[in-house]
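Presented sequentially are two complexes of subunit A, the first with subunit B as partner and the second with subunit C.
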Partner chain A sequence: MNINRVKALAFKEWREILRDRLFFSLAFVVPISMMFVFGYGIKMDVENIPFAILDQDRSAMSRDYLHLFIDSRYFDYQGDVEHEKEIDNLIADSKIRFAIIVPPKFQETLLSGRPIAVQSLIDGTFPFRTSTSKGYVAAINNAFNTQLLTAYVTQRMGITPEQATALVSPIKIEIRYLYNQEIKSIWSIAPAMMMFILLMTPPFLTALGVVREKENGSIYNIYSSTVTRGEFLVGKLFPYVVISSINVVILWLMAIFVFSAPFKGDPLFFFIASVIYVTCTTGIGLLVSLFAKTQISAMMITVVVTIVPAVLYSGLLVPIASMDEASQFEAHLFPAMYYTDIALGSFLKGVGMEQLWTRVAALLLYTVILWVASYNLFHKRVKA
Partner chain B sequence: MGQPTLVNTVVSEPIVKVQGFSKSYRKKLAVDGVDLAINKGEIYGLIGPDGAGKSTLMKAIAGVLTYDGGQVEVFGEIIDSEAAAEKIKGRIGFMPQGLGQNLYAELSVEENIDFFAQLREVSREQLISRKRKLLAMTRLDKFTNRPMKLLSGGMKQKLGLVCTLIHEPELIILDEPTTGVDPVSRRDFWAILTALLREQNIAALVSTAYMDEATRFQQLSLMYDGKVIAEGEPDQIIAKVPGTLVELIARPQAVALSQLKSIFQQVEAVGAVLRVFVEGQEEEAAIKQVKSLLSGQEVSEIHASQAEMEDAFIALLSQANLTDSETAPSIDTNQASEIDASQKDKLAIEAENLCRDFGDFRAVDQVSFQVRYGEIFGLLGANGAGKSTVFKMLTGILQPTGGEGKVAGQDMLRANQAIKERIGYMSQAFSLYQDMTVLENIRLYARIYAVARKELKQRVDWVIATAGLQGVENRLAGALPMGIRQRLALGCALVHQPKVLFLDEPTSGVDPVGRRRFWDILIQMARVEQVAILVTTHYMSEAEHCDHLALMYAGRIIADATPEQMKEALVKAAGELLEVTTDQPLLALKLIEQAGFEEAALFGKKIHLLAKEPQLVRQQIESIFTENNITLHSISHRHPSLEDVFVYQVMTHENEMARHEY
Partner chain C sequence: MSLMARITEGKSYHWWSRMAAMTGKELLQLGRDTVLVCAVLYLFTLDVLMAGGVKMDLNQGAVVVHDSDHSMASRELIYRFQPPYFKLSGEILNEKEGIQLLDQGEALVVLDIPPKFQHDLLQGKPAAVQVQVDASNTVLGSLAASYSSQIIGQYGFDAALQRMGLTGESLETVPMLDDRHRVWYNPNQKDAWFMSISELLTVITILAMMLPAAAAVREKERGTIEQLLVSPLTPMQILLPKVISMTLVILLGTALSVGLILHGVFDVPMKGSLPLFFLVTALYTFAMSGLGLFVSTMSRNLAQAAMLVIMIMMPIILLSGAWTPPEAMPEVIRQAMYFSPLYYYIEMAYGILLKGAGLAVLWDSLLGLTMLGSVVFLFGVWRFKRQFG
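And then the complex of A and B:
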């Protein structure tokens, strides 16, 4: 390996990336904007669900019942309606996500000791949000039932409300959330976003950078010169690894300072693991570039081979453990999963090399395979 | 090869030996059984149209492409594996096809050169001295800090050459280095190659699609469809097809053309002149035969001369039965009389002081010219001279900053839509729909131009007949060979019977046979249908076909005359063009240059120079040669080409502008 030639190649590439507006924005602007867009965009927390009320009883009890919903921080009260028809329109226009209809004679029926059904209409468009809403509604409804029961027991047995509560609901669940005490989804999303962005942008940049040379013919400078295959690959891709490593730092700082995610792990370990990860994903781009003939096809292939594993097999949406066996196997074939573990472990759990070395080793192995395969597939004397 | 009289010449093995070379892409055979040998100190040419297999052969010799059959030997190394190819790459310089495509757009001129030097491990001192020399030779030394993407086409190509030469290769392989390059840069290019040949005794393999560059080579192969159809020195190849070129002026031209076509295979109208290649006949007999055929017409200025490479090429093709036998477009001479004579001499296009600024940059500066109905007018100039901008203003795509333009009697500024219906426009890229058939394309254009429903069928039939598209009506446009696709594009532009036709670089990359057919149609349109045709081009051979030319340089028209007038003006201003044939061309060229003829240039084994007083110069050269023991074979007159005109005009203007600057 002739270090001067590698340097010449790397320096040329570096200058081209910095001077070409398209490449510069792909290198730096795109990852940062992705972090902003997804960081603010993907919120898994369900809060402030807009809803409306149809109170056909207008009694003291119906007001008490409905106030439990109105006062909740999970719901956002939009007002009363007069007719059921209005509810349909409001849900159809996405003005509200659910509505509660209290039937006539609500108080009368309850006081007479008979059960009564309160209707809740929930927008089922987004299953995840729907089930969350349903859970909240059921919980609030339970709370009101317990309240009624407690009041009844207090009155009937002549004991204090505290005693009555203990009698009515003797078991209480006490939950402590580990690693993410406030269950803020952004805490886990910011590290996962790093996984996602660093899986997508380095291969994009790399594949375009190599295929561009193929497309316009400057690759023939390499083919026809005495530069060896290894020198070319190292020199050409070194700048891309450096850029991605700079992005690691930028995204990391954004996760901590913009999205207030806690970082409990070892920064040095995390940085080194991240550099291995971007070297690996740069390798994906390199491999793609050896098959693609045009920049357009390079982009298409990169999208397919990176977005699918990043979304489906990384643990971003569905935990790996809850996948079926075939999917779990597939997840192990992509680098995304390993880095998700490293990122979440470093950010939230504060674990390091000791616990995560298998993941780092998997990424290293992945990197070596990609680069060796690319080296063997790259030829300076081509077939067409 | 090595003559016994030249003591110092060691009879050496050829640097490149190719035997039985063949290569297929997928199942398509691209090159089939080619043999060639390149010697040291030789510029070897590969001439042929696009798709002839030139690039494939060159890449295989450069060791960057595998091949299927035969053997390629370079510097004694048989190139049959990647490892073998690596061994010779240090001694080769390879420049792929495409204007500046192998360069890095974002890097400056100097950065590009430095990168290639580092890649080739040129030492610092060598780099500095070579860079200085090559930059001066290419006249790029003023632009070292300019990013490559801002260079003109010719400059890019010269920079590409500098980068390819920076490690002083022994063999340089240049794939179509002059395609799309303006004539002045082309001249520079050949001058550099000649100098290298002289100083370093290198070998060069150069491909071109221009037949008129054939005389530049010492040895060449004519390629067509993957095969070599002739090999040897340029004169030898032309001599393979015995015959005479007869040039004449006949009136009416269209009638004479169709009469000649019935007997001779190669007839074409070049401006006012008809060129007839009479195969197998000596000069006098040929003139006699042509004259007897045109007994009814008014014939003038008839004379005979040696055939050119293009005539030989076409004759060789038809001998080898390689020309496709589809029907040539027919010329309907009966219509000629029906044309309203009053149309003639009326102005179809009038440009008056057209100006166009882009920011501070004046792209078009006070351009005025006139085109009559029935006239083919060429707007000639290098890339970036302002041709396209003039075009866009006249077709109403771009608003002029100043001046006026009238097309078909309408003011460009006001009657936009009306004009568009009266003009036909064919762009450089042939705006056809590749996934539609020939017929569908024609119908689509007919509807776009609002051809009446009842006329539709008749117009479509007319286009098919005129453009010679019989038999391919139902084939996809994208699957057609370049020449036919181009005629289809022309047919589409003519479907609504426009009276004015705009053609933007119409025949780039088409083989000579296809190009001649294309011009046949244009001649018919102009002579018979009285259509005014405005053509932009930077191909000199295309310009020769025009009735009238305007030469553009830096946004201005610097010459406006017929091709003949331009050539006469050149002879008046710069002297006669002399061709010197000798046994030691390189040494002779050096001596002639030293004697004060700096513009002298090497064409193959001959030397061209301009002489104001031919008799005096003759004597001068004769005495120089006797002093230095050089045998003079002959000094003959040559007709200057339009390229000579162009180069002279542009150089004169460049020098004038430089004088104003300092």
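And then the complex of A and C:
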């Protein structure tokens, strides 16, 4: 490998990128604006769920009970309805996500010491939000049950309310959220976004850069020159790795200063791991560019091989541990998952090489495989 | 027939035959790019299939236990951490080990049961159980926290009732709420229904912008646009066939996806009218192709077009409510959602496919999409005509 030729090629590529002003600025503007948009936009906290009430009892007790929902910050009270039919339409039109129905004789039944069923109707369109809403409803019902039972026990056993409380809820649950005490979702999302953006943009830039030469024929200059395959690949891609590494730093700073995510890990380790990651994702672009003949097909393949794993198999929206075995296996085939662990580990857990070396090794292996495969697939001779 | 009428008839005949020829040309050109055809096919079938296999709920989260009591009571509590939500993955001897497992991501929850747990429980003294949750992924963390406190709370409640001698029959004499819920449209909460539809809508969004944009920019980049401009074709005859042919391709792909994957594999109920769904999809594709045309006027080559498409697509998807429901957004962003065509489309697509809603319920979304779509499409056409007119 002749260093001078590599330098010349890298310089030529750099010039070409620089002279295409729109492309050059987009190479930085796209990642930055993606970070802004997602950082401010994705909220996984389920709050302000709009709901309606059908109170068929209208007693003091039913009002007390329903106020537990109205006063909760998780719910957003939209009003009362008169008939169950109305609920149908409101849910179908997405005006409310759930409704709670208090049956007639609610107060009478409970005061006479008998259990009663309370029904909630929940919109199941978005399963994740459905199960979270169900959890909230269950928690409120449990709280009300504890109140009921405490009152009942106080009365029946003739003990003080304090004793009754201890009797009814004998276990105190202490939940400690590690790494993110206030469960701010942006703290998890900002590092995960770095994974997402750095998986998507480098292959796009690279694939288009290489296929453009193929499509407009300037690749024949390379074919007929003395530049070897290795020199071409390294020289051509070096500028893209540099651009992506600059993006690493920009996004990193944004995560810390714009979204105030804490960074507890080792900066040097994280930077090196990130550069390996972008080298790897650049390699994806390279491989794609060897298969595609036109820029549009390069674009489409890049979308296919990056967006899907970035969204589905990275742990960004869907935790890997929650997947079925087939999906878990597929997740291990993509580099995104490993970098998610590295990013979350470095930002929130403050762990480093010692705990994460397997992930870094996986990324390195991935990078080597991609580059070796590309090297072997790239020919200077046109297929007949 | 007067001469004038014959000329106009001839003209309109030519107009249509040119349109047909150009549409045929676009389809042929697309069909010959094998890689592209494969990518489109992949997106509409395998991609939607893969997305449907993903579950958003907590599934077998790893729980490790630090049990300092080793009693009947502690064991009974531990064994309530069962699939589907949790799975027990071992016991640890000290707290440090727990932190280590959490650090490495081997455990999601560490359950810490204090000594004398059973003793306290029987004595009626409050016993404290500690749950440590890895909240580095907030979704998982809060689900794990919510489910574990439900499990432990229920256990405590059961233990209390048992201690008071209230079990079985005698429970009928205790005032209590019985929590019953009915989940509509997706009673078993199959994630596959939601995920596969969501993915299909995303695919349609990407392609509806990318394909027309690429078809137009390619002509610019290769210089073939000059040939078209010196031909008798009007700018409308150049751009409309691009939009029409790509819409056709997308509708075909959607039909394939709906029939083969949504219906065939995932059994999505398809409660509403399918013709209405395809009508809405066609409308949406047209609206988005306006944005594609706009992109094609802004860029000189495909690389630029691709970047611009991503730039425009991100906020559209984000503001659509696909990932974050409107109610969870800040007020300002909630207002901005009315400017995302996908917002109306998602509302209608889920409405028709899952909820069986018809025009009576969805008319406002349809009106919104039509208005916004016309503005966007006409804007794209205007830019295109100005550049090539």
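The rule is short, and it goes like this: the second predicted complex is superposed on the first by the 351 of 384 C-alpha atoms of A that agree within 3 Å, B and C clash if a C-alpha of one lies under 4 Å from a C-alpha of the other, contacts with A are read in each partner's own complex, and residues count from 1 in each chain.
In this text, contacts are C-beta pairs under 8 Å (C-beta built on N, C-alpha and C of every residue); 3 or more make two chains touch, one makes a residue touch a chain.
In this text the structure is predicted, and so the values were computed from the model without any measurement.
> Sharing subunit A, do subunit B and subunit C clash or fit in the superposition?
clash
> So, does A:61 touch the first partner subunit B, the second partner subunit C, both, or neither?
neither
> Can A:20 be said to touch subunit B (first), subunit C (second), both, or neither?
both
> Of subunit B and subunit C, which one touches more of subunit A's residues?
Comparing subunit B with subunit C, the partner touching more subunit A residues is C.
> Taking the superposition as given, does A:381 touch the first partner, subunit B, the second, subunit C, both, or neither?
Touch status of A:381: first partner only.
> For A:209, select first, second, both or neither according to whether it touches subunit B, subunit C, the two together, or no partner.
Touch status of A:209: second partner only.
> Output check: A:315 vs subunit B and subunit C. Expected answer is one of first, second, both, neither. What do you get?
A:315 sits against subunit C, while subunit B stays out of touch.
> Which partner does A:220 reach: the first (subunit B), the second (subunit C), both, or neither?
first
> Using the touch definition from the top, say if A:9 reaches subunit B (first), subunit C (second), both or neither.
first
> Determine where on subunit A the residues touched by subunit B overlap those touched by subunit C, and list them.
20, 216
> Spell out the residues on subunit B that touch subunit A in their complex, using ranges where they run on.
Result: residues 25, 59, 62-66, 81-82, 85-86, 89-90, 92-94, 96-98, 101-107, 111, 115-116, 118-121, 147, 163 of subunit B touch subunit A.
> Using the touch definition up top, name the residues of subunit A that touch subunit C in the complex.
Against subunit C, subunit A makes touches at 20, 22-23, 26-27, 29-30, 33-34, 37-38, 40-50, 65, 76, 89, 91-94, 97, 109-132, 134-135, 137-139, 141-142, 144-146, 148-149, 152-153, 166-181, 183-185, 187-189, 200, 204-205, 208-209, 212, 215-216, 291-297, 299-301, 303-304, 308, 312, 315, 317-319, 321-324, 326-327, 330, 341, 344-345, 348-349, 351, 355.
> Where on subunit C is subunit A touching in the complex?
Residue positions touching the partner: 33, 35-36, 39-40, 42-43, 47, 50-51, 53-62, 99, 102-105, 108, 120-121, 124-143, 145-150, 152-157, 159-160, 163-164, 171-187, 189-191, 193-194, 206, 210, 214, 218, 221, 299-304, 306-308, 310-311, 314-315, 318-319, 323-325, 327-329, 333, 347, 350-351, 354-357, 361-362.
> Using the touch definition up top, name the residues of subunit A that touch subunit B in the complex.
Touch list, subunit A to subunit B: 2, 4-5, 7-9, 12, 15-16, 19-20, 216-218, 220-227, 379-384.
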